[in-house]
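Common to both upcoming complexes is chain A, partnered first by chain B, then by chain C.
Showing the complex of A and B:
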């Protein structure tokens, strides 16, 4: 069915390397060593602008975050006080921080599992089942991804409105009055209300991503499988999933990182971290500490924790999902 | 040849990209002073600033005033400030999320403006200090370190308190309660008609409620004790009384309050006053403009009242919100900045500001008002009512401690039953104690 293979060698490169060099001709031609060095210089020169920008806007600020986390500083004054790891020690005793951390982890787990699961499911249906109007469906599902966060917050404010909201209105219509909730006011469910908005926002993007990789799987594999009597579910788990696995891994890492950011912007626009900090996430807490509470160094310490956390989670996910690459 | 051209091209591109990041050159030294003024575009609009600046430039031909005005002015001036380019005058009050003045206060990075009080207003024969109303400077809002030095000049002031619908009270024959007992009696009466006694837009609006309540209960001394984190101040009987009253009041809160108490939906809480679904909410005079286009119940008329007195006939306070003008310590044209600030208190400037409803704390200005806002400012004329200015004293920042959040946001949890009054009190005590130690 599928074959295990190593990536094909670049044969063109090999022939180029083994081809005899025009050493004999002396008519102005430079030696290959010199030429290669010249090429290298040219490549470096081309890369330089990007490298400089990367260093100035990514590497330097990131290093600065690490450095600043060791200071107490309000953000403006020239006097920064070096305090070593004190900021991190304070983090341990800070209940609000622990709560924000828990919320972030909960959001990451719930949103990742639901988005990835639903994205795969929908993508499989859209590519395998020849649904009528699937282009329209794909379009509709993708739209939330291009909306600005403020618009999303406004939409969900209308959906979650406790009196005339879409959600509570629909529940009333179905005579499920008992299920009605104050979606953004109940401390026990506000986080999940934010999670639903996050899933809604990112689902379409990942669905389209998986659809494109699923579309690349040769049809014969499915034909052969169905001749062998494999059910649609079996085909999904034995053909589709293994063949898009590399894609899935990459998108999973991206998703975890973007979810950390998305949770911040959505929380800020929808709930402001409230009620009473019950929907605070790490980045919104970092913002509050660094700016509203004038503890810039402490905020940067939270930034370091976020950095380490996303790095670690991505690494773990990447390790845990490592498989031999399958090709068709 | 071609390669070196390509190399040169790349280098130029790289340089251009970097140059694009830096801003253009500074003003050429033409002998004129360029005064950079940054202002928050609040409820009063931006036109009044342009007018005042035009008038100032007309009388000061050697000064060129550059105005930068925005609804999120902090976001626009902070990056430049970090790069060492400071505006000369900033018009921005305390209590906003970005907390820029608060941060600079903590940093001791503001210019001492005490001399401005003794400066003659340009073109007039009185000093700025003479023109200001009594008691508007010398509090923690203007003198944040509790000393005689004034760092923030109060530019506009507005009373905040409980807003309600006068029409509804007239229709029902209700009296605006003068004591807390009457307040809760009214709450029971209103409840029978399906009207909640209390709501708030977001918990942050409780500042106008709490500051006045603390002063009503324990007098100005107690209020100052709380604001300066006196040891165990939250364990006192007065503090307990404040929390008791608040907890009881919150039990009368409109059930929709917490669900709407966020940036996105807070106007829905404000709407409940317009719809006669709730009786009182803490707010400021800007509410009339903010909700000007909102639908309202028949016969609706905005009313403002101070909090009920703690004891019958007791003194009542109106938390007064003050927008300030200040000069960063690192500003380049400090003298020109001080002169400009003095000019902002001139009769000409006051007239322009008053046209946009921006009322300055200048003797006699409030008398010239007409309409809705005149009624609000008249509250100060009641001998039993005093203005209360200020807020929590600034200390060195304490990581993870935000006493305003502990005091105000917990109201959400009290309403929803997620926490208790006792826990609230001990959290306040803990936060206050940490800040006290940082202040020492």
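Showing the complex of A and C:
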């Protein structure tokens, strides 16, 4: 906390007396313009290492992706051929690319809606309701977030196993044999099997994030609302949601970007894009083209599409959720 | 008179919430259904559904700006 106090009069006079006159201070005191210039130089010197790192590791590789998307290159040979927008023209005729794009959009929508919805719901329940064992529940839900994504993929591969898997075993136990599936082998449901793993992995993190925001809301607001006759749902939409909006907004934008990345790792580890490319997502298809199929330029063209799509969706989400922050 | 207006207002709010929920559910369902067929047209419909969800979010947020 900062407190401001005015100095006593005599000390102010003493300071004024001891201060050098403007004419005789050329050597001692610096003019405001020179001081500002010096400050600017210092700020730039402090920023320079971060700016250099950002340029070397972010700007240059991104520009390189854009540049390489205009070439055909195997990735190994020294011959690179400039083909202009040919790689993008090929994308228009590539059904595998369209399928990967569709899968990416489906995962983005389904996983974001379910994770954000469930995260908010669970956080509201755990914060507002006095549940028994809520600390244990919070701990259990948070555990997947500290596990490696590859470990999660291994866990879910075991859960989905056709013969000895937990899911089919439980269904057999409940005499629901007809509901048994080849969860990672059926083209229609394989993507949703991956989506469940994605939700399981990220739910705890977002729940804890929202819980910490909700814990900061003053209790008096809820007391006043309940005295006015507001229901729990009304309190959630009129008090909780507006007061955690900035957090929700940031996490939503962040989640959209991380969902694209997370889907790649889980798909690679759980299905490898199969069966018959039915669970391929944009990043895994780009990886396959650039590093397995030796079509580096084509892979970079897919990378440009991913960049543009992620950037556009994040920008639109940021615009759609912008509002004045509330203070309480 | 004031009670009637209040009731009208709460009815309007309830209707708005119901419509928004239905539109959001329809957009998610559209994404899931269109994903099953491969093609640019189907991808376009999926992107439109995604845009619909974002518009819904923007319309909910508009009164708080």
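In this section, the second predicted complex is superposed on the first by the 298 of 328 C-alpha atoms of A that agree within 3 Å, B and C clash if a C-alpha of one lies under 4 Å from a C-alpha of the other, contacts with A are read in each partner's own complex, and residues count from 1 in each chain.
Going forward, contacts are C-beta pairs under 8 Å (C-beta built on N, C-alpha and C of every residue); 3 or more make two chains touch, one makes a residue touch a chain.
Remember, it's a predicted structure, so these values are computed and weren't measured experimentally.
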- Message: Just to be sure I read the superposition right, which of the two partners does A:172 touch: chain B = first, chain C = second, or both, or neither?
- Response: neither
- Task: Based on the superposed arrangement, let me know which partner A:272 touches: chain B (first), chain C (second), both, or neither?
- Result: first
- Query: So, does A:35 touch the first partner chain B, the second partner chain C, both, or neither?
  - Reply: neither
- Would you check which partner chain A:321 touches, where first means chain B only, second means chain C only, and both and neither mean what they say? second
- Task: Could you look at A:245 and tell me whether it touches chain B, chain C, both or neither (first, second, both, neither)?
- Result: second
- Item | Between chain B and chain C, more extensive residue contact with chain A | B
- Query: For chain A, what residues appear in both contact lists, the one with chain B and the one with chain C?
  - Reply: none
- Task: Within their complex, state which residues of chain A touch chain B.
- Result: 38, 41-42, 45-46, 48-49, 52-53, 56, 72, 74-77, 87, 90-91, 93-94, 96-97, 153-154, 157, 161-163, 182-187, 269-272, 274-278, 288-289, 291-295, 298
- What does chain B use to touch chain A in their complex? 3, 6-7, 10-11, 13-14, 17-18, 81-82, 97-99, 102-104, 106-109, 202-203, 256-265, 268, 397-402, 405, 409-410, 412-413, 416, 418-419
- Residue set of chain C touching chain A in the complex reads 24, 27-28, 31-32, 34-36, 38-40, 42-43, 46-47, 49-51, 53-55, 57-58, 61, 64-65
- Report the residues of chain A in contact with chain C in the complex, numbered from low to high. 92, 95, 98-99, 101-103, 105-106, 108-110, 113, 188, 191, 242, 245, 313, 316-317, 319-324
